[in-house]
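These are the structures, in structure tokens.
Same chain, two partners: chain A is paired with chain B first, then with chain C.
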Partner chain A sequence: MKQFSQAEMERQLAALIGPVGEPVSMAVEFGAVRRMAVAVDDFDPIRYDEAAARKRGFRGIVAPWPLLWSYFFNCTEYHLDIAFGRATVHGQDDYEFHEPLIVGDVITVATAITAARLKQGRTGPLGQVEAERRFTNQFGQLCAVLKTTLFRR
Partner chain B sequence: MANICFEDVEVGQEIPSLSKGPMTTAHIMRWSAAMENWHPIHYDWRVATGHHGLPDVVVNGSWKQHVMLQLVADWAGDSGWPWKIRFQFRGMNVPGDTLRAWGKVVAKHDRHPFGVVDLEIGLKNPKGVDGTPGTASVVLPKRNGPPVPYPFDPNILGEAMS
Partner chain C sequence: MFKVDMVEPPVVYFEDLSEGHEFPPVTKGPMMVGHQVRWAGACDNYESEFHHDEYVAKAAGLPGILLSGPFMASILLTTTTKWLGRDARLVRFFDQNRGATMPRDTAIMKGRVKRKYEEGGNAFVELELSITNQRGEVTTPGSALAVMPRRGA
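Then we have the complex of A and B:
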């Protein structure tokens, strides 16, 4: 494996910072919401019964929050161009929740690398990369912010 | 769903736990299908154990996140708002594991006319190992106070929190 100096590794990481691609949009589908709720035995009626959801004050059927990840897998998958190290490990997720995802909404996700730094790990240099995804709906309301911390070692 | 007020909560209090499992490959595949996440470590035993050196196919991290969100949302009730949640991925879970999501109140913040409660949360396997430790912050109404607004706007909590 090619060896890189600390300065080269820091340059590679710094080059990652900034927006990742263009914002992309995707609809919140009833089938997707229902499948996700059933997959974790989440039988809260707000997941499949519109009347029950409205009675609880929501605009419609409410998606489980991890549906946010569907937008990651379908719209914003990207390859981090890091030449050093052998593997990228998913270390931490931070969610902030605002307006729920409602069936029928069109969600736009904008992705950016907000921080990238070189740290010293137990076994050598460790790249720490923070990606932020901001999810908004068709009304311009912020639905959620998902920050993901990745480690390159 | 029970509704709780800020005044009802005490630091050190444990919230009702939530158990799932024993996990099977069916659980993992149902979640992979729901997520449209087709990484073979979640369904192909040979790839998971051979190429990736894992002990078995592994439970999806986002599945574990959902369970912990369910734990916090169930406790917060209709009147509370699970605002922030953070998870670290420190350990894997495999078929056969029964997982217990737990939470404990570690701090309270009075942000008149609302309250914010910080929790430690986690997901223990049968050996008591916590592979997904985390924290959560929940906004609660006060007794005789206004409801937490929907949609939630963190500015209602003042600069110190937002």
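Then we have the complex of A and C:
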């Protein structure tokens, strides 16, 4: 494996900071909502039944928040272009929730790398990269912000 | 089609919770590869082969298949929404992917009210969360912030 100096690793990380690709839009589909709700054992009727969701004051069937991960994998570039290290590890997630995702909505996801720094890990240099994804609906309302921290070692 | 038995969550009020209150722990599992595959389907993401193929996982130097960190965090998030009841609004959720969950591991979800307060006309509860495995190891520490309904409002 090629060895990099600390300055080279820092340069690679700094180059990541900024927007990643163009914003991407995808509709909230009932099948996707149902599959995610079943996967995470969410049996609240608002995930399956429009009448139940409306009775609770929602515009329609409400997606469980973990559906954000479907957008993460389908609408955003999540591979990092880092030459040093062997593996990228998912470290932590920080979610902010605003407007619910409703079946029939069109969600636009914008991704940016907001911070990237080199730290000293237990076994050597460790790249810490923070990515932010902002999810907005067709009304321009912010639905959620998902901040993930990845480690490159 | 998997038959879903829908369950309407109860209403939990701000007044029902006190600082230090511990929610009844919820045990999931044993977690199996099938859970992970269902998650992969819900995310429409099959790229991370080490999450469902033991040969690939071991070839990458892992002890075996690892269940996805965001999946484990998502079942903790879902459990949290059940604890807080149907009229609570989750505002923030945080999780750390500290330890691996492997097939046949048990995941015990725990939650505790760390703080409750009122601000800007809203009633907030701040929770400490965790997933512990059958060996007592905390694999996923986390936290959440929610706005709770007021009794009589």
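FYI, the second predicted complex is superposed on the first by the 151 of 153 C-alpha atoms of A that agree within 3 Å, B and C clash if a C-alpha of one lies under 4 Å from a C-alpha of the other, contacts with A are read in each partner's own complex, and residues count from 1 in each chain.
The working rule: a residue touches a chain if its C-beta (ideal position, glycine included) is under 8 Å from a C-beta of that chain, and two chains touch if they have at least 3 such contacts.
It should be emphasised that the depicted structure is a prediction, and the values quoted were computed from it without experimental measurement.
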(request) Have a look at where A:Ala32 lands relative to chain B and chain C in the superposition and call it first, second, both or neither. (result) both
(message) If we overlay the two complexes on their shared chain A, which of chain B and chain C does A:Glu8 touch? Say first, second, both or neither.
(response) neither
(message) According to the stated criteria, A:Glu99 is in contact with first (chain B), second (chain C), both, or neither; which is it?
(response) first
(message) With both complexes overlaid on chain A, does A:Asp49 touch chain B (first), chain C (second), both or neither?
(response) second
(message) On the A-aligned overlay, A:Gln141 touches which partner chain: chain B = first, chain C = second, or both, or neither?
(response) first
(message) Which partner chains sit in contact with A:Gly91 here, chain B, chain C, both or neither? Use first/second/both/neither.
(response) both
(request) Jot down the residues of chain A that show up as touching in both complexes, chain B in one and chain C in the other. (result) 32, 35-36, 38-42, 56, 64-66, 69-70, 73-74, 90-97
(request) Write out the stretch or stretches of chain A touching chain C in their complex. (result) 32, 34-45, 48-49, 52, 56, 64-67, 69-70, 72-74, 87, 89-97
(message) Give the list of chain A residues in touch with chain B in this complex.
(response) 32, 35-36, 38-42, 56-58, 64-66, 69-70, 73-74, 90-100, 141
(message) Per the contact definition, I'd like the list of chain B residues that touch chain A in the complex.
(response) 20, 27, 30-31, 33-37, 61-63, 65-67, 69-70, 78, 81-89, 150-154
(message) Considering only the defined contacts, which chain C positions touch chain A in the complex?
(response) 2, 4-9, 28, 35, 38-39, 41-45, 47, 60, 69-71, 73-75, 77-78, 81, 86, 89-97
